[in-house]
Structure formats: structure tokens, C-alpha cells
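Each of the next two complexes has subunit A plus one more chain, namely subunit B in the first and subunit C in the second.
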Partner chain A sequence: MADIAFDDTRLPARSRSYRAGAAAELLAGWVLSGPAVALMWLMLLGPAAAVIVLSFTDWTFGARSIEWIGVDNYVELAGDRVFWTSLANTLIYVAFVVPVSVFLGLGMALLIESGNSLRGFYRAAIFLPVTSTLLAMALVFQFAFHPTVGVINRTLMAVGIPTTDWLKNPDAALFALGMIGIWQAVGLNMVLFLAGLKAVPRDLYEAAAIDGADGAWERFRRVTWPMLGPALVFVVTITAIRSFQVFDTVAVLTEGGPNKATTVLLYQMYQEGFSFLRSAYAAALTCVFLGFVLLLTWIQVQLLDKRTHYG
Partner chain B sequence: MSVLASAGRSPARRLAFSAFRHAVLLAASVLTLGPFVLMVSISLKSPGEIFAPEFSLWPQTWYAWENYSLAFTKQPLLRFILNGFFITLCIFTAQALFALPCAYALAKLRWRGRNTVFVFVLLGLLVPPQVPAIPLYILLWQVGLLDTYAAIILPSTISVFGIFLMRQFFMTVPDSLIHAARLDGVGEFGIVWRIMLPTAMPALVAFGVLSFIWNWNEFFWPLLVVQSEHLATPPLGVVFFANAEAGTNYGPLMAAATAVTAPLVIAFLLAQRWFIEGVTMTAVK
Partner chain C sequence: MASVEISKVAKTFGETAVLRSVSLSIEKGEFLTLVGPSGCGKTTLLRIIAGLETQDSGAVKIAGIPVDHLPPKRRDVAMVFQNYALYPYMTVAENMALPLVMRRFSALQRLPLLGRLLPGTTPIRAGIDAEVGQVARSLAIDHLLSRRPAQLSGGQRQRVALGRAMVRNPQIFLMDEPLSNLDAKLRVQTRTEIAELHRRLGATFVYVTHDQVEAMTMSSRVAVMLEGDLHQVAPPQEIYDAPADLAVAGFIGTPKINLLPAQVRGDGAFAVLDRVWPLPQVEALAGGYTLGVRPEAWTPLRAGGRVALCAMGGIVRHIELLGSETLVHFAVEGLQQPLVARVDPMVGATLRLADAVTFGVSPERVHVFDAQGRRVPRRDALEFREAAVG
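Right, the complex of A and B next:
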């Protein structure tokens, strides 16, 4: 009531001073957002645009001259075997980490939600890796993967499964890094699914029960799964984008080896740009990386658009 | 509750399901907590015991003092950790100072250019943090700032994610609050800091928690711009340590890893709710 009365008395005065008010608001808008916009362009959008421009030149770090060479860097990429290995490794890593961590995250969320006891403990225990310093934990995993004294091989030997030197075996190294990625990603996926599950209206389960869906599997298939659709798309995209950015574990544990078996896009970009100082070539690699990340976001938007019809 | 469990079934089946639930979740907890336990366990052991053929979690001879004192004296580990606090604090302060006024202008003011600025924010959200690295490196090199605290801090001073998050939060603040403040003669700048900031505390704390996690753990960018040991962030410091020790002296190395991980783990245990809410609210990066 008070609000309405207040608005009524103000209305004439407001329209009288409308033009002055609008000008003041325009000024306030730019003054308040100006510093952020300037910094955004200086630190993020400008450099991102510069990377694209740089990828069409021949500049090497510190060089005095710069030449426009069109798509030559991309042509060179297409013939670069290390690039194709990096791209394939990145895609294999993503294809390994995303399904496993999404499936495990969903499973953990469903199991935690389906009972009352120890909820907080399980949630905290499974979430803890998300907040941990990946780099420090990578060194712990290095020890756990140790061929003779590592706990992983000790456990495998104890149950009679053949072991390997995980980080030195070209066939196993990428998957060993993927296991670290999964270890860190499951907790995040779990809390995102928990939030998604909370948003499922309770009465839908009752309605499903009346329809005869009273088994756990039927409930899941007919209510939970369809209602989780948008959350699932979101979780898959987030995990895929984060997995695409894999770098820390590669840089510290394998340095892209053995024999390029764990070179990934960002690691090759780091080597080309900051070890070999080929800035323009590294910029082209960055653009390929950016292209894949944008593609993932685009797919997410497409899927969510379709999904809204069900929501 | 009703997500999976078939309530109303026989007590025996419910008991069986409960046992299954605890068995799987306990196994998962062992796997997620295992590396932390292993890390602390090794940090307490002597070199001989670490490479001994039989393994036990509890150290037979207590070697904690030797490992931790070596970790803190061989390399300036305490300095790395203080660097971590200093850098994360500077970054978050700057992020909040720039993001809050901008978010307020986007959420509550009507002005020509607002949509354009919001499009910039959305564009910024699409760009992974590694993409601007090469031009930023060149820029910092040209102004002579490489290998300084400024080089680590400056690129993170703006968080489009923070602007987006705070804008979403400000949208829910009632306009009447702002009108009342204007009637009382409070300027737009005063509204941001005296009216909006207090109401935005929950969102700001959640954002602060995320900013702290990201920037404490950030490795890619500090690796590029820092060469001097005394400027190293905690993750970079651990790598310096590993390189200096050739990566085989596991006891002190795990002590260093424990020391670097501890602040985040302690913060998480103290403010679990904020962590999980913050990450859930947001999880964009």
C-alpha cells in the first residue's frame, strides 16, 4: 500500500524531470560501468581479438618486423603431426573424462539423495577434490602411480591384475591423467546434479506412482531423467569445456610425453608460444582451441533450446 | 528421498538398499579422500619407509619434523603461501571494486549502451582464460612488468563472471529500496556501496570463495610470467620444490603439498555451505 501511494505522488514530478533524469542516468550508467568495460577490453576481449589477428601473421616473440601471411599458420598446422596428435589426445581425454565423471557424478547425487543418513559427510568427502590445489595433488598421484611403491600398482598386484608404469607407458599415460581429471570433476558434477534434483517437483513422483510407476527404475526413467535434462546438458558442457583446458597435470607429470602420448592443445600452445617463442603459430593453436570451446557452447545452446519444450 | 528408494517396500528390501547406498558412497569417499590421506601419511614418513616393500598408512617411525622443517627451509614455502594470500586478496578486492558498480548499472539503471555492455560481458564469459595469454604476455613485456606481482594480478582484476553473477543478484533487489535512497539524497555511487553492497553480501561471499579457489590454484598464468622464486604462487612453489628435489624426495615434497593444500581444505571445512552454494550458483568457468 505504502508503495502505491508513494508512486502516485511522485508521478507528475517524475515526468517533468524525465529528460534531466534520463541524462543523469546515462551519465551514471557509463561512469559506473566504464572502468569495468575498459578493463574488460584491455585484459580479456582486446587480447582475445588480438590473438585472432596475430594468428594471421608471422611474428615471433621479440621480432622487429611483422608480416601479414594470411592463413599460412593454419596451413602449417594442418601439416603438423604434433598438432594432430595434440588434438587427438585432447579429444580422447575429453571423451574419457566427460562420460565417466558425469555418470559417476549423477550416480553419487542420486545415491546421496535417496537416503537421509550421512548426507553431509558424503557430499563433503566427494566434493573436497574440487577445491584442492590440483598441482599439489598431481604430485600425490605421481607417487600413487609409482611403478613399484605406488598404492595403485600395489593394490593391483595384490588382486593379481597386471600392472604398468602408468605415467611412462604411452598407452596408459593419457588415461592416468584422465583418472586425475575424473577424480577432480566428479564432486562438481555431483553438486550440480544435487541442485538439479532439488528442482524436480515432488508431486511429479506422486503422480507417477498413481500412474503405476512405483519401481525405483521406473521413477528414474519417467520422472527424474527427463526433468534432469537441462541440468545434464549443462553439466556435460561444463565438464567438456573444463576438460578441454587440461594443462596442469600434463605440464607437471608428463611434459607431453612419453613420445607425445599426452601432448594436448594447451600444452602445445604453451611450448610453441613460450618455449619456442613462435607467438603467431601459438596464436593459431589458441584459435583452434577457442573454436572448439565455442562449438561446445553452441551445441549446449542448441540442445537447451530444444529441451525447453519439455520444461 | 523418493528419487531412487522405493519407499513402502518391505523393510528387508529397504535395509538392503540402505546397505548398498552406504557401501557405494563409502567406497567413493575412500577414493576421493584417499589421495589426501596418502599425502599426509607420506609427509610423516622417513625415506626408507616410503620405499619399503610393505605399506602402512600409519608411519612406523615418526619423521614429521624432519620432512616439514625441510619443506619450509629448503625453499621459502611460507613465502609462497603468503604470496598466495596476498595475490588472491588483491585480485578479489579489484574484482569486487570493478564488478559491483558495473553490475548495478546493468541491473538497475536504464541507459543507452547498457545492452552493448551486457553483450561484452556475455562475450567475455565465452572466452576461456588461456585465450588472451599471448597478447597479455606481450603487453606486460612491453611495459616491463613481467616477473612482478602486478603481472600475476593484473589480468585477473576484471571478472566478467563476477559482473554477471552480481547483476543476476541485483535484479532481485526491489526498486523501491533504490528509490527511497534517492529520495534521501544518496547519489548513485553511494547507492552501490551503502545500499546494494550490504544486500549483496551472500552473493559476494559466494563469489569471493570461488575467486579464492581459482586464483589460489591457478597455475597456467603464473607459470608463464613468474621466474623469480620469491614471487611464486603456492602451486608454482610446489613445482619449484619438486624440481629442486628432482621429484624423488617424497617426504618433504608431500609435506610441501600438504602445506599448500591445507589453507583451502581448512577453509572448505569451515565454510562448506558457502563453497558448495557458490560453486552450484555459478560453475561457469
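Right, the complex of A and C next:
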């Protein structure tokens, strides 16, 4: 607003009144956008800033005193074995859940799109986990993963595959939680890919058929995959962020165990902040967590965006 | 270069019959234009030739070989789509190279990354690049090879689409309204270029358009399609001069042909409104007919001047100045629509609204259609009868 008004002052005539008008316009701009700006700081940026500030103090929840201790929390973090374990666990979880759920979602979208029968049913069925409460569904999974009566081990036993106590075995527990994460993520990914597939112009497939790219693989490689680029960037980013935030299954099913095998960043944060009431330390963890999410998202977008064509 | 033989092809979408038993033979090296209003089935017919659509019945032969069971890539046809259908994520060079990549490389050699390492890939790749470059130069788009379609203008995209069709040297070029997305000026220019391309390549072109100017200017033969039927297949001038039926006469020609109801009297002359037109070129039985007069066939008659055998008088209702010509709309008593005459602007300048005018037409320029709308052939020849289809 101000820029436009400023340009107008170069006009010789009536420049003074234009100037007064510009000031009024600027004021009106601030007044009108004021509530939104204030709310944004109060609700979104403020809390984040508070967490960052808090992470440089020694505050514990309910304490009367608060002291500025600089980077001490971060130094402690660097020497905290639990932190490194939970960071590693989180990264492993993300590295497992993201590719599997993205490709499963893509596969299901392709299958649904290529067929004609029961499309609506498949879409709804696969999307169902997205709408269900993970906390409630965790009950079902607890039962399903039960070492003796659980349906998973029963099935494996019937086929003759060795079984384990999935949630109690340190080598398998994170994997089991990842399966639940995938189960929940696939539905949304599928829906997003379906939307992406709908946006691929038909005549590109026809041009490809005439050019000789008419097999399933060539159609996918020459047309579908590149045209899904924008959807893929979005799906990978959103799945990664959601996987980073894995918490409820850990809290309900394993409580970070056995032997810290499933402690993830958010769970450690929860324990430090709400069980041990070390609020400042939890704030430092949060900052690291936020930093990681931002960094990984940025890297992904950079990597994928370059190769992506946006219609 | 190859011929295309279409026999009794029919296609129905749901309840709608899009094509009703269409037969058409397209000769080697011919530029055949399928023209008709939108929804007449011309694009469907083109897509059936390409193999993108399967006909319900009938057969298509290319170069004498039935192709009904063959996928598009095995028919050796190239197609230029209405909105070009360029791959937006590939460069111009990659777009143009794809048909060659798909044909010359084996499935293994086409694998990403690994394919490059296989023996024999490099020389094939070099050959493809050379051919793409050559075609790009001939279309004057070689400076655009590294760009993506989004960075090109409409005309440039159109050339890339042509280039992608040309690199393969296909037997048949199929074009689906390739000029409809260009602006008027570019369309005129590209019209000429496509006609030149046809002469240069000598390949068979099948061109679909709803624009009769494109059909008239580029084709060796025009096939007029209306509501799923081929009405007439003939060289452009013949379509214009001897339309096979009322529908073709009404579709081809701007402004539209003037139509007059007529009755044949006992002596063989035609009664048109209150006048009598002797039309010796046709032999007509008594009954109702429709006469067609092209706007340029009218000549203004002056009072006391030459007396025409066939004349029509009326009142000037509207005058359209087009620069090179003037269109005079004159209302005739007994007709709902005014008739249109195309006259020299010098003549047009002498006319004013509400003037009484009389226009004459020489009998041989009057088209006679019977009650079914079919052209009544001239007495002197079985004119163009073999060309009329349907």
C-alpha cells in the first residue's frame, strides 16, 4: 500500500494530499490487520518463541525461581544417552514408515484407479484408519500383537514362520510400532495420490501410446510418475512430519520400552516435561525436535522440488 | 506413405451413435480433411484410425493391412493432439526423442541409469539426437531444444508437437484440430506451413477440423461429416461448387448459401415465390425443391439494364462492409430470412438501407436440391455422382 502511494507523490500536482492519504492508508492497514497479526503472535509464533526462550533456563514446572543458564540444557542433551537413543529410534521409525507408506499408498491408488468395480468401497476401507483414533485402535493392535492369542502370531504360526513377542522384543518393538504407523498413514497417502492421478491429462497417455510407451511400466515411468511429482512432494513431506510426531502408540503400547528400544523424541519430551517436570530440558528437546523436522522437510522439498514439474 | 481404408465403421457411446457405418478410402500421400461441426464424430473417426478408440463394427486397413487388432504404436501413425499433449516434465528434445527412444532401444537399454551402461546404447543415442536436431532445424525450433513446454509459446508448442510426429517418419500423420489453440494470425501462417510440410514429406495426412477455411485451404480432398455420417468426400472446390446435399451446402461457405423454396411446374420451370426461374440444366419431376444460391453468385440488376433469367427483388435491410467486399442483406417478401449477396464494394457503396434492389443469378449457378435435400444432378453430366457418398 505504502509503495503505491509513495510512487504517486512523484506526480507534481496534489502530491501533498496524496501523502496524507498514504499515511491514513498505512494506519488503516495496521488497524485492519492488527487483530490477525496479534492473534498470530499470540497463538502461533508466541508459544514457539516461549519454548525457545525456556530452553535457555533452568525452570522446572511449578518452581518459584527461574534462572538463565545459557546452553547448559543443550550440553546436557548432547551427553544424554536416552536422547541419542530416542533420536536414532525416531529416525529409524521415519525411515521405515515414510517410504513403505508412500509406496503402499501409491500402489493402492494405482490399483483403485485402474479398476472399475468397488472403487468407493476400497477408497473408504483404506481411508478408514485415517479417521479412527489411534489411541482406540491401539487396543486392537495390543490384542493383535499378543504373543500367544494375537491374530498376528496365530497367522504366522499357521504358516510356519517363527514368531516373537512383538511389543516386548527390543529388536521387533519399533518395527511393530512402524507397522501401525504405516497402517494409519497409507489411507491418506492413497487419497492424495488418487487426487494426483485424477489430474493427469488423458491425452498424455494417448500420446505415449502412439509414441510407443504403452506398457504398464512405460506408462507409469513416462507419464504417471513424473506427473505425480507435486503430489509426491506433498505426500512425502506430510508423512515425514507425521511420522516424526509418533507418540500415542509408544505411550500406550510400549511406554518407550523394552529397554528404551522404542523411546522416540516426542515420548522423551513427554516424560521429561510431564513426568519429571523438567520443563526447560523438555523445551530444549522440543527445539531440537523442531529443528530436525524443519531441516528434514527442507531437504526433502529441495531434493524433490528440483525434479518436480508443477503444471 | 500409406493408404487408409475405412469400411462401415460404426461407434456408439452409450445411447449416442457417434459414427453410423462410415466408409472412406484415403489415398497414399493424400491430405484428407475431416470437417464438421463439433460432436459430428470426426475426432472419434481419427482416434479409431489411430487405435486410441475401438470401433463397434467395421474395419480399418492401413496400407492394405487390417489394423483393427493392433495397438497404436504398431500402426505406424503419428498424431498431433488438439492441445499438443507434450510431456510437460521433459525438454523439447526429450519430447521429440521419445518415439525414437521407444522404438530403437530395447527394454533393457531403456532402463534408467543401467541402460546407459549397456553396449550399443551410445551410438543409438547419438543417432536419435542427430535426427531430433535435424527435424528441429527444419521446423526452426532447434534453439528451443533444452526448454520445457511451459516455457514455450502456443505456436512453438505446436511445432514441437509436429516435430514429435515427424521424427519417426510415420506412414500417416493424424492431426486433431492442431490449429485451434493458436491465435488468428498464427493460424493463417501455420496453415501454410502444414500444407508445405505435407508437400515436403509426401506422407498421408488425415486432418480433423471444424474450420471450413482450414479444410478448404489445405486439403487435397475434404470429407464433410455431419452427425456421424459422411455426407460428401471431394476436392475442396467441388465441395463448394457441387455440394452433395443441403447439409453440406449449408455447412460449407461463409456467409451461408441462400436457400429458396421452389416448385416445379408442368413445363419444367421452377416457381420461386412469385417468379419463374428456368433452370434448363436439371431435369426435375414435379414437386417441391430447395434452390441454393451462393452469396457471390448474385449480381445486382439495374433498372433498364440487362434482364436476367433468374432474378429476385427485395429491400436492403443491412449492409456489411468487409473492405474487399460488401455483403448486402435484402429481405424478400415471402421469405423469413433476408437473402445475402456478396458484391463489389464499389457497387455496395451505391446502395442505401431500404433501397429496393433486384439481384440476378445465372441459371447454372443455382443449386437444386430435392425434397430429401439431395442434390439434383445436372442434365449434361452425371456430375460428381461417384464422389457423393451416403
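Keep in mind that, in the parts below, the second predicted complex is superposed on the first by the 259 of 311 C-alpha atoms of A that agree within 3 Å, B and C clash if a C-alpha of one lies under 4 Å from a C-alpha of the other, contacts with A are read in each partner's own complex, and residues count from 1 in each chain.
In this text, a contact is a pair of C-beta atoms (placed from the backbone, for glycine too) under 8 Å apart; a residue touches a chain by one contact, two chains touch by 3 or more.
Remember, predicted model here, so these are calculated numbers, not experimental data.
J.: Once chain A of both complexes is superposed, is A:R64 in touch with subunit B (first), subunit C (second), both, or neither?
T.: neither
J.: So in the superposed three-chain picture, is A:D248 touching just subunit B, just subunit C, both, or none of them (first/second/both/neither)?
T.: first
J.: Is A:L192 touching anything from subunit B or subunit C once the two structures are fitted on A? First, second, both or neither.
T.: The answer is first: A:L192 touches subunit B but not subunit C.
J.: Any idea whether subunit B or subunit C touches more of subunit A?
T.: The partner making contact with more of subunit A's residues is B.
J.: Looking at A:G229, would you say it contacts subunit B, subunit C, both, or neither? Reply first, second, both or neither.
T.: In the superposition, A:G229 contacts subunit C only.
J.: Look at A:F289 in the shared chain and tell me whether it touches subunit B only, subunit C only, both, or neither; answer first, second, both or neither.
T.: first
J.: Pick one for A:R81: touches subunit B only (first), subunit C only (second), both, or neither.
T.: neither
J.: Which residues of subunit A are in contact with subunit B in one complex and with subunit C in the other?
T.: On subunit A, the overlap between the subunit B and subunit C contacts is residues 214.
J.: What part of subunit A is in contact with subunit C in the complex they form?
T.: It comes out as residues 201, 203-204, 206-214, 218, 221-223, 226-227, 229, 309, 311.
J.: In their complex, what parts of subunit C are in touch with subunit A?
T.: Counting only subunit C, the residues touching subunit A are 50-52, 71-73, 77-79, 81, 83, 85-90, 98-99, 102-103, 110, 112, 148, 150, 164.
J.: In the complex of these two chains, what residues of subunit B are touching subunit A?
T.: For this pair, the touching residues of subunit B are 1-6, 8, 17-18, 21-22, 24-25, 28-29, 31-36, 38-39, 42, 50-52, 55, 98-99, 101-102, 104-106, 109-114, 117, 120-121, 123-124, 126-128, 130-139, 154-155, 157-158, 160, 163, 176, 179, 188-189, 192, 213, 216-217, 219-220, 223-224, 234-235, 238-239, 242, 247, 250, 253-254, 256-258, 260-261, 264-265, 267-269, 272, 275-276, 279-280, 283-285.
J.: Can you tell me which positions in subunit A touch subunit B when the two form their complex?
T.: Of all residues in subunit A, those touching subunit B are 3, 6, 10, 22, 25-26, 28-33, 35-37, 39-41, 43-48, 50-51, 54, 61, 104, 107-108, 110-118, 120-137, 139-144, 149, 151, 154, 183, 186-188, 191-192, 194-195, 197, 200, 202, 205, 214-216, 219-220, 224, 238, 241-242, 244-245, 247-248, 251-252, 266, 269-270, 273-274, 279, 282-283, 286, 289-290, 293-294, 297.
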